[in-house]
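Heads up, the next two complexes both have subunit A, just with different partners, subunit B and then subunit C.
Up next is the complex of A and B:
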C-alpha cells in the first residue's frame, strides 16, 4: 500500500504532508503524555512500533504503484488508540522508506495519511461501535483489523486516482481501476488479518491479561482468562 | 524484511561516509530526491540515478552486489506499479473482457487499453521513482539510523519522541530475531505440516510470543537503564565531525550539472 518514491506530483506530496501534520503532532503529544505518565510506556510503545514494522514489511507486489501487505495498525489502534498510531505509523513508514526502500520520503505524507491516520481511525471506530452495542469482543477485533486494512487501501487508491486520473474516464475510471486491482490481493489479506487479530488477541488474553487490562482492552470483569493463566 | 535490508544498515556503519556530517548527507540526498521529483525524466532523472550510483559505488564504497540486492525488488515493484498508468479504462459498457488484441489506438485488454502515450507516461513515472529511490538509498547506505536519530535532536524534536523512535529501531532486530527463532522452533516441531486451521493458530502464537518476548526484553531494558540513573533522556555522545566544504561543493556541482543539462535539453528541444 505504500506509494513509492516519486510517484506523486510535487503539489500533491505537499498537500498530503499538510493534511497529515496536525494528526501526527496530536499523536506525538499523546505519546509524550503517555511516556511521562509511566516510563514503562516508552518501551511498550517502541515494541508496538517494531511489531507494526515487522508485520507491514511483509509485502506482496500489487499492480497499483504500491504494494499489498498486512498493516498491523488495527491492533495498535486497539491497544494504544489511533492518535498514538499516527505517530508510531510515521516512524515505521520512515524506517521502511530508509531501510527497505519501501514507500518514499516525498510520498511519506500520503502514506502516513492512509496507513497511520485513516486506517487506525476507521478500524478503531468499528471496534468502539461493536463494544458500545455490547457485541462480542472477537467481532470488534476482527472488524478493527480488517477495516483498518481496507480503509488504508481505499485511501491509497483514491490518492493514486487523484494523481493519475484516467485519460479517458477521468477520476472515476481511475478509482475503479486502482480499487479493482487492489481488491484482488487486499480483500483476502484484510480478512486474513482480521482472523489473525482474533487469534493474536486470544493468545495475549490468555498469556498477558494484566497488560491488556492495563491498556483498557480487557475490562476488569474478564477474569476468566487471567485465572486460567495463573492456574497454568 | 530479509538479510539484504539488515545489510543496508551494516553497510552504513562500514562506509567511509559514516564519518561525514549527517546534515551534509541529508542535504545531498534530499536535493537529489527533489531533483528526481521535479526534473524531466530525461536527462534529469537519469542523471540523478547516475550520480547516486557513482557516489555509492565510488567514494561511499558500497558493494555493487549490495546495491543490486537492495534495488532489485523495488525496481521490479516500481515496474509493476506503473502498469495501471500505462493502461486507460474504457468502462465495461462497450468492451468485454473477451476483447484482446491490437486495436487502432493501442493494445486492448478487455475494458483496458494500453496506448503508446500511456506507456510513455509509465516510463517517465518509473524514471522519477527509480531515481528518487536511488537517492534515498544513498542516504540509507551511508548513514546509520542511530546517527539520523541523533541528528534529529538538532531539529528540536522532543526527546521522548526521539527515544521511542530509537528504541523502535533497536527493538526491530530483537523482534525479527525472536520471530525467526520461534518460527524455526515451530518448524522443527512439524508446525508447517499441521492442518490449515492449526497453522493459523501457530502463526498467531508466533506473533503473540514475539510481541510478549519483546515487551519483556523492553521492560528489562527499562529496569537496567533505571539502575544506571536513567530519568529523562537517553543522551549519547556523538563524535565531532568537521564541515567538509569539498563535499558540499562537489554535491552542489553535481546538482548544478544536472539542472543545467536539463535546462539545455529543454532549450534544445524548444528550438
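Up next is the complex of A and C:
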C-alpha cells in the first residue's frame, strides 16, 4: 500500500496531506490523553504501535504469486478507537519513508490516509457492528483486523486510479487494475491477520483481562460473572 | 458454579496457529509460476511502481536516503521488525508483570488468611 516517493502529482500530495493532518493531530492528542490515564494504557498503546510496526515490516506470500505486508492497525483501533492509529500509523510510515525508502515523504499524506485512517476506521466500524448485534468477540476482532488490512489496500488502489486513470478505460479501468494487484493479493493476508488478531487478543485476555474489560473489549457480562465468582 | 474462562485455551491457540501456517502454505502451492524473467512473489508495491514507470510516469521527488542494495534494505526491514517485536514483548511482559503483582498484593488481604501476622 506504499505509494512510492514522488509518484503522486504534487497537487494530490498536498490534498492528501490536508486530508490526513487533522486526523493525525487529533490522534496524537488522543494518544497523549489515553497514555496519561494509566500506566497500563501506556503499555497497551506501545503494544498497539509495536504490533503495526512489526506487521508492516513483514512481506508475506499470497495466492496471486505476489507478496505484500499486513498492516496490523485493527488491534489499536479495537483497544483505543481509530484516532490513536492515525498517529501510531504515521510514525510507522515515517520510519519507513525515511530509513527504508519505502513509501515516501511526498506520498506520506496519501499513505497515512489509507493505512492509518481509512483502515482503522473501517475495521472499527465492523468491530462495532458485530458488538452491536451481540456477535461473538472473536468475530468482531477477526473482522476488525481483516477489514482494516483490506480497506487500506483498496484505498491505495483508489488513490492510484484517481491520479493515473487508464488512458483507455478511464478511472474505472484503473481501479480494477490496481485492485487486481493490491486487493486480490491482500485477501489471504487479511484473513491471516484476522486469525493473528484473535491470537493476540486471546493472549491479552489471559494477561490483562481487567484492562480489556475497562476498555470495553471484553463484555461486561464477563465482569458480572467474575464478580459473582469472587464474591462467592 | 459455572467456570469463568479467561482468555483462550492452549488448544484453541494451537489450532489458530495451524490455520495461520496453512494460509501461507496454501498460498505457496496455489500461486501461479512467475512468468519468464519475473521474480516470483514480487512485492505488490514494487509491481505497481514498475507499472507506473512503464507508463512513463516519472517520480518528481527522490527519497532522501536510499538503502544501497536489496541486502541492506532487507536488513533494515528486519531491524524494523526486531524493534517492533522487542517493544511488543516489553509492553506485554510489563502488563503481565503488573497483573501478576496485583494478584499477589490482592491475595494476602482477606482477613481469614492463614499464617501468623508479623505485627501481632
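One rule holds in what follows: the second predicted complex is superposed on the first by the 198 of 232 C-alpha atoms of A that agree within 3 Å, B and C clash if a C-alpha of one lies under 4 Å from a C-alpha of the other, contacts with A are read in each partner's own complex, and residues count from 1 in each chain.
The definition used in the following text is that contacts are C-beta pairs under 8 Å (C-beta built on N, C-alpha and C of every residue); 3 or more make two chains touch, one makes a residue touch a chain.
Since the structure is predicted, the reported quantities are computational estimates derived from the model, not experimental observations.
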Touched partner set for A:129, first subunit B, second subunit C, both or neither: neither
Partner chain in contact with A:25 - subunit B first, subunit C second, else both or neither: neither
Partner chain in contact with A:173 - subunit B first, subunit C second, else both or neither: first
Touching partner for A:209 - first (subunit B), second (subunit C), both, neither: second
Partner chain in contact with A:185 - subunit B first, subunit C second, else both or neither: second
Touching partner for A:10 - first (subunit B), second (subunit C), both, neither: both
Contacts of A:36 with subunit B and subunit C, given as first, second, both or neither: first
Common interface positions of subunit A, toward subunit B and toward subunit C: 4-7, 10, 39-40, 43-44, 46-47, 49-51, 53-55, 57-59, 61-67, 95, 97-102, 104-106, 160, 164, 177-178, 181, 195-196, 199, 202-204, 207-208, 211
Residue ranges of subunit A touching subunit B (in the complex, touch as defined): 4-7, 10, 13, 28, 31-32, 35-36, 39-40, 42-47, 49-51, 53-55, 57-59, 61-67, 87-88, 91-92, 95, 97-102, 104-106, 160, 164, 166-169, 173-174, 176-178, 181, 195-196, 199-200, 202-204, 207-208, 211
In the complex, subunit A residues that touch subunit C: 1-7, 9-10, 39-40, 43-44, 46-47, 49-68, 95-102, 104-106, 153, 160, 164, 177-178, 181-182, 185-186, 188, 191-192, 195-196, 198-199, 202-211, 222, 225-226, 229, 232
Of subunit B, residues touching subunit A in the complex: 1, 5, 8-9, 30, 33-34, 36-38, 70-71, 73-74, 76-78, 80-85, 87-91, 112-113, 117-118, 125, 128-133, 136-137, 139-140, 145, 148, 158, 160-161, 163-165, 167-172, 174-176, 179, 200-201, 203-205, 207-212, 214-215, 218-219, 221-222, 226
Parts of subunit C lying in touch with subunit A, wherever the complex brings them together: 1-2, 4, 6-8, 12-13, 16-17, 19-20, 23-24, 26-28, 30-34, 40-45, 47-49, 51-52, 55, 57, 59-67, 73, 76-78, 80-81, 83-88, 90-92, 94-96, 98-99
